[in-house]
Amino acid sequence: MTQNKTIKASIIGVTGFTGAELLRVLMPHQNIELKYLVSRQYEAEPLANLFPRLKGTTDLKVTNTDYATVAKESDVVFLCLPHVASQEVVDNFLGKTKVIDMSADFRLDDAAMFEKYYGTAHTLPELLDGAFIYGLPELNRAAIKTANAVANPGCNALLVQMMLLPFAGNIKHADVSLFTGTSGGGRTARDPLDHPMLTNNVRSYLINAHRHTPEIIRTAQINEEQLNFAPTVGPYLRGIFATAFVQANKAPDLSCFNGEPFARVCDKVELSNVVSNNFCDISVQEGTSGTYIIQGAIDNLLRGAAGTALQNMNLMFGLDEATGLTFNSAIYP
Amino acid sequence: MTQNKTIKASIIGVTGFTGAELLRVLMPHQNIELKYLVSRQYEAEPLANLFPRLKGTTDLKVTNTDYATVAKESDVVFLCLPHVASQEVVDNFLGKTKVIDMSADFRLDDAAMFEKYYGTAHTLPELLDGAFIYGLPELNRAAIKTANAVANPGCNALLVQMMLLPFAGNIKHADVSLFTGTSGGGRTARDPLDHPMLTNNVRSYLINAHRHTPEIIRTAQINEEQLNFAPTVGPYLRGIFATAFVQANKAPDLSCFNGEPFARVCDKVELSNVVSNNFCDISVQEGTSGTYIIQGAIDNLLRGAAGTALQNMNLMFGLDEATGLTFNSAIYP
Amino acid sequence: MTQNKTIKASIIGVTGFTGAELLRVLMPHQNIELKYLVSRQYEAEPLANLFPRLKGTTDLKVTNTDYATVAKESDVVFLCLPHVASQEVVDNFLGKTKVIDMSADFRLDDAAMFEKYYGTAHTLPELLDGAFIYGLPELNRAAIKTANAVANPGCNALLVQMMLLPFAGNIKHADVSLFTGTSGGGRTARDPLDHPMLTNNVRSYLINAHRHTPEIIRTAQINEEQLNFAPTVGPYLRGIFATAFVQANKAPDLSCFNGEPFARVCDKVELSNVVSNNFCDISVQEGTSGTYIIQGAIDNLLRGAAGTALQNMNLMFGLDEATGLTFNSAIYP
Amino acid sequence: MTQNKTIKASIIGVTGFTGAELLRVLMPHQNIELKYLVSRQYEAEPLANLFPRLKGTTDLKVTNTDYATVAKESDVVFLCLPHVASQEVVDNFLGKTKVIDMSADFRLDDAAMFEKYYGTAHTLPELLDGAFIYGLPELNRAAIKTANAVANPGCNALLVQMMLLPFAGNIKHADVSLFTGTSGGGRTARDPLDHPMLTNNVRSYLINAHRHTPEIIRTAQINEEQLNFAPTVGPYLRGIFATAFVQANKAPDLSCFNGEPFARVCDKVELSNVVSNNFCDISVQEGTSGTYIIQGAIDNLLRGAAGTALQNMNLMFGLDEATGLTFNSAIYP
């Protein structure tokens, strides 16, 4: 496939934060034609009505197109739905077009683990056995290139996995403290994400019970007993900043990031260096008593969702992985 | 009545921001015994369960006490309910105990104006004719002292009225731009107050249609045609900062604030000088072409709600107006 | 000139916020080769050392190249210096290469007005008589196209001028309340811009004495007596949101924005719709007593500085005005 | 000593954040007469000129009074000076009046440790051997009661010590991730604390090299090799929120907090529960592989500085430890 081929891409569930961020990277992408932007709520609504910031930049419409048509007329479909909802619609697309699923429904390979962390039985456990490639390019690049379906990682999970990759399975125990902005909570207004309740506030949630845990431990080749994971929400909008204290059998090998287009090894990680770009920044420092202190940061909506999804799409279609993702350095200040 | 008399005070609707701020000023008040904290949602819930910040400081409980008991055993009842809801319960208290209503239901003296701005007919229009004194101490101090029922001003309305008081009815036209924090939107989570939608954002709402308009024009002795009022919500939690451009028949006379315990005439108004204290800061500057530029700031929950309510209560019970309100200078920084 | 010609562009003073934002738009621009990034502080410092967010994206260096070389080898030079500093260096570039000056030094046409608002005599008053075209494309597009030197507007000035353009000189009086984020204060740390002093704070500064006033009144065709201008800094980073109450001899004519690539007439202006894109959003509402209420918003660093500078450069080199400026819709959320 | 005795208290260095917060708790304190507020910068400046928020609440002046007079006429002197500066002036007060030092100069008992972490030799090492009692009431209450000089703990140090107290010396290793607001950086404006550089940003500083480390390890009865300490600054104003992952020889015993007036054991720690009050909130959760996860939060300026100083002063003068510190529950929201 050449760089100038047009890929017809559609998005199911375009009105959430992930859908909106996908629009931000797909709209200017040189190889993509946005075919259908689907939402069950709208018949034929100008996209710019839903996102006033897009006014004057696009004639795209959000439609309630039937899934068969979407599957038939799209080269790739991004499913931007909550978990469980993806299970309900995935049959319409799988095997009919390429699929990139942004939900948690097909990230795991163990239905019991899904049920444990998501609180509901998986309805399509047969699809957990290889139907989807786990879409962390730094881990599964070769498999993604030939995949028909990719499960995009969770935002927190992606960052922590990247931070633990240099240990290559040699971790004895990891204590992870992670700080995320409020956009990680998604688009639906609700009490704990109310502005007055979060401004000037910091609080942890789901310590050692966060849904991204099984993704992390699988990639890090550890079990649940080898991880403490304290996710914490802070009073800002975008970005995840994490610190991992790692006991390991051998030193981390940063060469795993050599040549990676979207991983940077830094002396010092700072959140503002990655907000609005697609980089994952990582620093490593020797701690006390043989511990390693790893810090990392990403933009949760970009590298943590839409940006990695686009890396995956680029790979699936034989494009340069960075296509459409080098446009903007992080906003400064 | 002497300073050491104990006033039995109850709050109807204690779980919202206004109720919570009332608790903050009433709990340490030397003359007050909190009798009933009422919420229809709770049977006998420790207050500290609802407000974890109060843990270890109080044994108070929130109860679903019937209104007849509350009225009978309280010297004063604060109604912290939304508009319309106050109309529905006020009969239980009026004439039986002193009432301070924090809602908009009894602030106006014109049922048509209520219906115009609140979008629903007033169900007790007969109470708009003097049953409640409008609780702006700087305007109605004498009447408040002998009142049995007081309608506490709206937060934005209070600030703008204070800014226009020095004109004493000589205003030809006023253009008011007002910036309020997100706590002004109240406790109920909903889309436009979601943290991700407000962080880094600024937007106006209800320009020339804000419900506090009729309070402002009545006190300023102007009609709707003489006011432009652009309320704007900004990305912070507490406080209102406003700028008024006023054309007037004569210069503002700041002597109206002489001796006022909670109004300060300043060279320069700064929001952080009033957040968490009960002051209303005002500055006056001559503008161009005979315009006057007035700026003002208050804490919307304290001076804009609970603090003024306590001024009113103090006055109604013959206490020094500042009792319980001088405790804390504004937090700095 | 064709779209594929390479323009050699240099920046004098690249380390401030304006310089950094220029980098953000110039680096990916298809027609631009960044030739010299000059700072007197650095001999040959990798740009990515100064801006860690750029690590891995560029080999550019910041150098202390002599101005003669810069002028000789550049097709256009952006001067990102404070006012007065531009006066000191401008002779090195003027007439030798195209110049876009981001400072206030050549925006005015009246040396007395400069001295009044900037507190120091202009040292090159002869250059105020046409040597520079005032770089507001919506006002001076034709002249900019043939200009050798352009003075880029002040950020607040640009927004207010845009808001008043529809009145086409028919303004009797305008009261303007403007909220700006803290990045408007520039890169140099100092007390009033300290984070602890601005978080949760709002305050006005230089009411009717702001340096952008003479730009505004010239374009609006009014005198100082016809404007009240209350600039106010709010607790956020990027963006300007303003409200103007305008008395005019005739209704505003929004057709002045027809076909404009970076002006949008909206029902409702919201800051987050323009942060990180190049749009100026404008709304018009009829107020009371014949007043018009105009609201507007821009990103102060982009449309308010680097974005308009790039519009100007595009025009000066015969490119499509929007080249390099349509890349990213505003970040959302 | 009875509760109604007046204590003459003076503050040296009143213009910083710590001095200002001390004013906030000392001004309304029933037993305290503020005698001298000293700053070398001012001859006789009304306090309200320096802190406009205090306008109308006090006639206090900031003076440049000689230290001999201050010592002679004060019952207690609070030194609110940077480290090293306290060493330079302490002889004027020690032995002449009671001293509460807010700096780091007399917190340690080991001059070498001071030099290692503060980068300069201690000039009064003889005072590190018992002249000052370390002012953590939960640890040294009895000694504080009879002390003539108290060294007030560092803000981060205080929180981490409190979190580790339940282990009573049984810690094998602790990994601590701590988030602090920007007011922890103090009053002096400088680049890394500039608002534009911190808004929307998160970054660590001085990992395993923070100056509060020696305080923490001494109280926790561990050595430097047993602690990893990653302090991180977040985009908010007040408060410290920390997570400790602790490996210990036995389970933490929370009974150490029984009866403590300003320590609360909570199911869940949330920063907003402690901002503007004097509580230290602590939660304990069992982690994996025998680790304990401790979270804690304080207001860095109140419990982390002025509030604990007042606890110490109350103890030194035989007052109830909580006097003047129960006034305000945390602001909500």
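Just a few scattered comments:
As written, the chain order gives the labels A, B, C and D, with residue 1 at the start of each chain.
Everything that follows uses one rule, which is that contacts are C-beta pairs under 8 Å (C-beta built on N, C-alpha and C of every residue); 3 or more make two chains touch, one makes a residue touch a chain.
On a predicted model such as this, the values are computed, not experimentally measured, just so you know.
Centroid analysis (C-alpha atoms only) places D farthest from subunit C.
The chain pair with more C-beta contacts between its two chains, of A-B and A-C, is A-C. Each chain gets one centre point, the mean of its Cα atoms, and the points for subunit B and subunit C are 41 Å apart. In this assembly, the C-alpha centroid of subunit A lies 45 Å from the C-alpha centroid of subunit B.
The centroid of the Cα atoms in subunit A and the matching centroid in subunit C are 36 Å apart.
Annotation for subunit A: residues touching 2 or more other chains are 17, 183, 187, 196-197, 199-200, 236-238, 268, 270, 272, 333. Within the complex formed with subunit B, the residues of subunit D that make contact are 17, 20-21, 23-24, 27-28, 51-57, 183, 187, 200, 237-238, 264, 266, 268, 270, 272-274, 276-277, 279, 326-333. Interface of subunit C with subunit D (complex): residues 17, 182-183, 185, 187, 189-191, 193-200, 236-237. Of all residues in subunit D, only 173, 175, 177, 179, 196-197, 199-204, 207-208, 224-228, 230, 232, 234-239, 241, 243, 245, 268-272, 275, 285, 287-289, 291, 293, 295, 297, 333 touch subunit A in the complex they form.
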